[in-house]
Structures are given as structure tokens and as C-alpha cells.
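Taking it in order: structure first as C-alpha cells, then the write-up.
In order of appearance the chains are A, B, C and D, and numbering begins at 1 in each one.
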């Protein structure tokens, strides 16, 4: 099959779920700088718990890698995530959240649904299945970072500057592009037309669960009040 | 450690989450016979999708079994579930749901959260972790069956007779007791006091996700209207 | 790709390793009825230990199945294996081996290499990888059964009648054919040309490890003397 | 249970298998500097293939980790191994082996048996099972390094100086001690007396498979002549 630009092809096939994720109300309010701090804090706490599972997913990717090159690509992702957690703790502290609060927080059902779905895609299928389940996170955050970057220029006191800057950064954009390239390699190796709809289904579901993850921020903040 | 009656000890430690699950509004309305049919149907569709994952969890239990006896116990569970799916399809047909509807239904986030959490407990930990994650389903349904059985005697035209009868049946009660006994064996072998709170955390989380599963029936029925 | 007759295509690509396995000295001596009883006994003990792992591999196949139909096919295999173990114990008793001897026997390195290789192919890859790793056992034994059946007609007192009859039986032949058909379905869904050599590599390696398994019978019998 | 010095307790219970491994003829000849270069080369090629699987085992350890601290400990091991592979390639080049030779070499059955056994211990059981299966490699090589270090002082032209120095080095000794300490933590958390013999069985088997790995060097060198 012609798998050129497989990511674009998958995204086009799942475009509605993708849009609901990258254009969620959470992102719109963040762009406008109007997102309530309490919502963002709840998101941030769950995102910390998410990263632990996300690191496990990259470890699983190493385990499942058919080649040493695949292993090394996943190793880069794993080290980046486990390194990122220190940054995360610092970011949280800036918002008045202590490390002990993060660790003690119970995982929300939306966090569980998304992370365990990704891990299970990897255990049930092959490395391509796992990579596609992981894609909405890294590639979606990069798309959101690019889109929200102009809002920082427009507002010198943007309250979410640090978060937006991280995902708009050159380093993160390159990591997302590397992820797209790796998906292409994996698809060139293992994607048949017969699998295409199954792959799209994984991507759609992961995008839905990402949108649920944004929504969770609002829901948790409402419950806490 | 003294692991006698380990199930009772775990349940006592997680009693609030357990009560919210086995005494959920869904169960109260089912007992009274007032549960809206639309709610029950939505539950039933997701329960069909749940059973596929539940069968995978029993297959994982076979895979992880340290002894042939453990394998055979899990094999019994697996065969019961895959057999039960035929009954499930028949039950659904009685409620106007066709097999094609069941298979085509998208998995709800609550279904994904619960099932993938159980599977991940098994992959991450040992057979005891997996068994404890599985326990709320089988043992909880048996407790619910026992509790709701008198409602059938009181109301000859109870609309949920078939469902309640299944879980109140001698066969299901015995299977649940066998599951309790197997948990005891696994705990005798592998449970330290240092692990106890982690085991309770798995049981609590699985009970919470079961309660969310009942709630999903109401949520889905509301959305469909 | 044209995957018609995928099993024949894989076998042709791995024909040397396949021949060394199905035409091993162990099989030649068994056909002639000259295989030393001590060699056969050692093989039989290890084959019992092999079946436990083989059942785990079928459980893994259920776990990894993308469809309910795939699950049910693997379930049939699992139940056949766990059922077969009773026959195995009876066969062993006919050769003076008690169940306690079987269970207490240490797994030989050749048993470990073959079984854990198959299991790892499944965990690392997808269901096709696992199925191809499993194929030499079931399909090879069926080929051996067909080839050795005439030896039974020629020798009414053939010492290995029971063993040969099992694998030459209509039931076993049909199970092997079903396995070939299932491999075809899995290949139609997930086999690209880019994967073909990797699939052949798994099949070749599993065939080599099967040949090592026959050789182990001779080696163990020699050590025991 | 009293798990103080759990590694020493396990080693004592498996002392015969441990001695056959750390005091194998391969090690004696290496100490004396008389080990044939062809034997060492064959070992080195397989050890390269071994490291790929060993890295997968550490990735699995990250995946299975119950705490972030456990993840970080395994991450250190993973990065060390994947880094070590570059050193390995350089060492091989010094012995006239090119990277292409390493990658193209078929995995020997002894390499498969050992590595896939370790991986399966991890998938079947918990992190303690996996850690114990990994232990003979790292802790045994450190013991061998300490024992062989004096041979370097005695012979300025020792042909295996680079290899011995690596495992006698302060860095490797510390990593082995960290591994012993981590095993203690895992045992404090999850080891019951009822599991002790199963844990010893894993350690014994892994030690046997390590001894087979040394023997493989001799066997392969003989075959190649």
C-alpha cells in the first residue's frame, strides 16, 4: 500500500474526534487566558499521574521493538518523559501544588481510561498499534502548542505562558515530528489496507479519551467547589 | 501473616467503595423493578463489550498461572464467560437488541476504564493482583444476586427476573465462592502485610469503576434521548 | 500482497529448517520402530512440561485476539491442550512414568528455549507472530503423523502405535488444517511483504528449536546412563 | 518474614548451580589467560545478541514497576545496557568482529533459552520474579570481575584485560550492589516464605542457563572448525 504521509491519512479519517480533542473548550479558554486556575490545577495533577503511565507505555514500546533502532527511539521518549516529570513538579509548585499532593492524588477514571487503553493497545497488538495509540498525545500537544503560541505574543502577561511555551518549543515540535516519522516507518513495515480501519479506530478512541481528559479538569474543579 | 478470610478483610478495608458499588441507585431501582428499560439496555450493550475484555482477563490469568491447578481454575472462568456471551445475546434479543447492535456499539469510556484497568493490574503485577482486580465483578454480582432474589418472590412479574435469577443462581453463587477460595490460596502464597494496602487500593479502584459502570447506564440513556 | 497459501509459502522459504525438524533421526527411528524406549521416555517427560507452556501460549493468543472469532479459535486450542494433558499422563503411565515424575522433572534447556521463544514472539509482536511461532508444532506433528501412519499398517506390533495414531488421527489432522486456515486469515489481515522475512525467521527458528527438542531425547537418555 | 540479606539467602539455597556458573571452565581459562580466542569471540557475538534482550527485560521492569522509584532504578539499568552496546561493538572490533557480523549472527539456542526465560519470568510473575531472574547476570559478572581482577595484576599482558577490567570496575561493582539492594527492597515488599522456593527455582534456573551460555562459546568454536 502507499503509506506516504500515513499520519495525515489517519488524522483525516478521524478528523471529527481529532477536532473535538485539539479544539476542546479547555484549549480555547487556555488560548484566551480565561481558563480558571482551579481547572488547570486539576488537569495538572492528573497529567502528573498520566506521565507515569505514559512512561510505562514507552517502556513497553522498547520491550516490543523489533529492531535496536526502534528501541533507541522509544528510549529517547522514555528518558524525556521521566525527565519531564521533574519539570512538572516545578510547574505544579508554581501553582501551589506540592509533590506530595501529586503523588497522593487518586487517579481519575478519565486518566485510567486513557492510559490503560494505550497500554492495552500495545499489549494486544504490535508496536504500530501502540505507537498509534500514543500519537494523539505527543502530536496533538505539538499542534496545540503551535496554535496557541501567537496568543503569548499578543498577551505579555498570559497566565499559561510556561505551559504553552513548552509545547510550542522547537524541542517539542521536533520530538513530535520524529514521532510522525517513526509512525511512517512502522506503517511502511506493518500496515496493510485491511488493518487501516482498525488503526483509525485506535487513533479515534485515543483522541476521544484525550478530549475526556480536558473535560475532566472542568468536572473535577466543579466537584471540589 | 494471617490471611484467613482475606476477601472479608479486603472488603472491610474498602467498604465505602464496595457499598457505593453494590448499593448503587441502579441496583436499588432494579430491585424495585422501576429501572427504566432504556437504562438497562444501555447497560446490557456495554456489558456485552465488557465480557469480551473480561474473557481476555481470564486468558491472562491462565497465562500468568504459576501452577497447572491455577490454570484450570482460570480456564473454567474463561469458558463460562465465552459461553455466557451466547446467553447474553439471547437476553439482549429479548430486549430488542440485535447481535449486530452489540458488536457495532462503541465502547464507553467507563467500560474502557474498568476493563483496561483490570488487564493492566494483571500485566503489571502478579496473579494475585489480577485476581483482586477481577473480584468485584464476580463476587459483587453474586452479592447483588442474593440481595435481589427476594424481590422476585415478592413480584411475580418482576421485569428483571431473568437477570436477577442468573446472578442469584446456585451455579453463579458457587462460582463466586470458588473465586473467593482461589483468592485465599493466592494470598496464602503471595500476600505480605507490606502489600496489603496496595491490594486494597486495587480492590477499591475496581469497585469504584464498577459503580461508574452502573452510572453509565443512566448517562447513556439520557444522552440518547 | 497475494497471501494465498501463506503456510506453503513460509514453509518453502524455511524448507531446510523444516526438513531437519520433520525428518529428524528421532522421527526416522520412530517410523522404523527402533527408537530406544529411554529416548522416547525422556522426550515424553519434557513434552508434558512443554504442554503447560503451550497452553499458556494459547491463552496469550486469546488475550491478543482482535476479534471474538479469533478468541474462540484459540479457546478451542487451549481446551484441547489442557484436555490432552490427561491423555499424556495416561500414555506416560503406560511407559512406566508416574504423574509425580512428570511434574517433578526439571525443564530441559531445549524445552525452555522453544517454549519461551514462542511466548516471547507473542508478547513482542502481534497475533500473527504468535501463530507463526506456534505453527511448527501443530502443523509439523500432523505432517509427521501422516507420514508415519503407513508404518503402523506394516507392523502390527509397532511400539509407538499410540503416539503415531494420535497425530495421524482425523481429529488432529483437522485441527492442523484449521490452524493453517487461521494463519491465512491472520496473514490476509496483517502480513505485508516487508514483514515476510521476519515471519519466515520466526518459523525457521521455531522449527530449529523443535529439531533440538527431538535431539534432547537422545541427549537426556545418554546422560541418564 | 526476615528478608535481611535476601540475596545471600537465595544464593546459599542455589549454591551448586551458582558455583557451576561463576566457576565454569570458561572463567577458569579466562583467569589463566588460556581461553582460546575463537571461544571468546563466539561468546562475545552471542553476548551482543543477549544485551538486546537484556535491555528489553529492563524495559519490562520499568513497565512493571509499582513505584516511580522502581521505574527510575530500572531506567538506569536500561540506559547502561543500551550505552554498553556501543562499548561492546568497539570491543568486538578489537577482536576482528564487525558490527554487521554481530547483527547478522543467528541467536544460539542457549542465548534464546536464557533471555526468553528471564523475559517470561517477568511477564508471568511480578517485579521480584523478574529481578531475581536478572540477578545472576549482573551480580554474577560482578563476582567474577572481583575474582579475576588479581590475574590482571599478575600478568601485564593478560589477553582478557579489557573484559575483566569492565566487570571488576568500581562502576560495575556499584551497579551490582545497587541491584542487590533493590532485590532486598522488592523482597521486603513481596516475598513470603511460601514463595521462597519458587524464587530460588528461578535463580537456580537462570544460573544454569548462564553456565550453558559459557559452554556455548566452546561448542560454537568447535562447530566452526
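Annotations
By definition in this document, contacts are C-beta pairs under 8 Å (C-beta built on N, C-alpha and C of every residue); 3 or more make two chains touch, one makes a residue touch a chain.
Composition by chain, UniProt nomenclature: A, B, C, D = Aminopyrimidine aminohydrolase.
Predicted model only: the values in this text are computed from it and were never measured.
By the document's definition of touch, common neighbours of chain A and chain D comprise B, C. Look at the contact of chain C with chain D and you find the same residues on each copy: over half of the numbers used there are shared.
Chain B and chain D have centres, each the mean of its CA atoms, that are 43 Å apart. Chain C and chain D, compared by their mean Cα positions, are separated by 31 Å. Chain centres here are Cα means. That of chain B falls 36 Å from that of chain C. In chain A, the positions touching at least two other chains are 56, 63, 123-124.
Interchain contacts join each chain to each other chain, per the touch definition above.
Residues 56, 107, 109-110, 112-113, 116-117, 119-120, 123-124, 205, 208-209, 212 of chain D are the ones touching chain C in the complex.
Per the touch definition, chain B reaches chain C in the complex via residues 52, 55-56, 59-60, 62-63, 65, 68, 71-72, 74-75, 78-79, 82, 85, 103. In the complex of the two chains, the chain B residues touching chain D come out as 1, 63-64, 66, 123-126, 129, 188-192, 194-195, 198.
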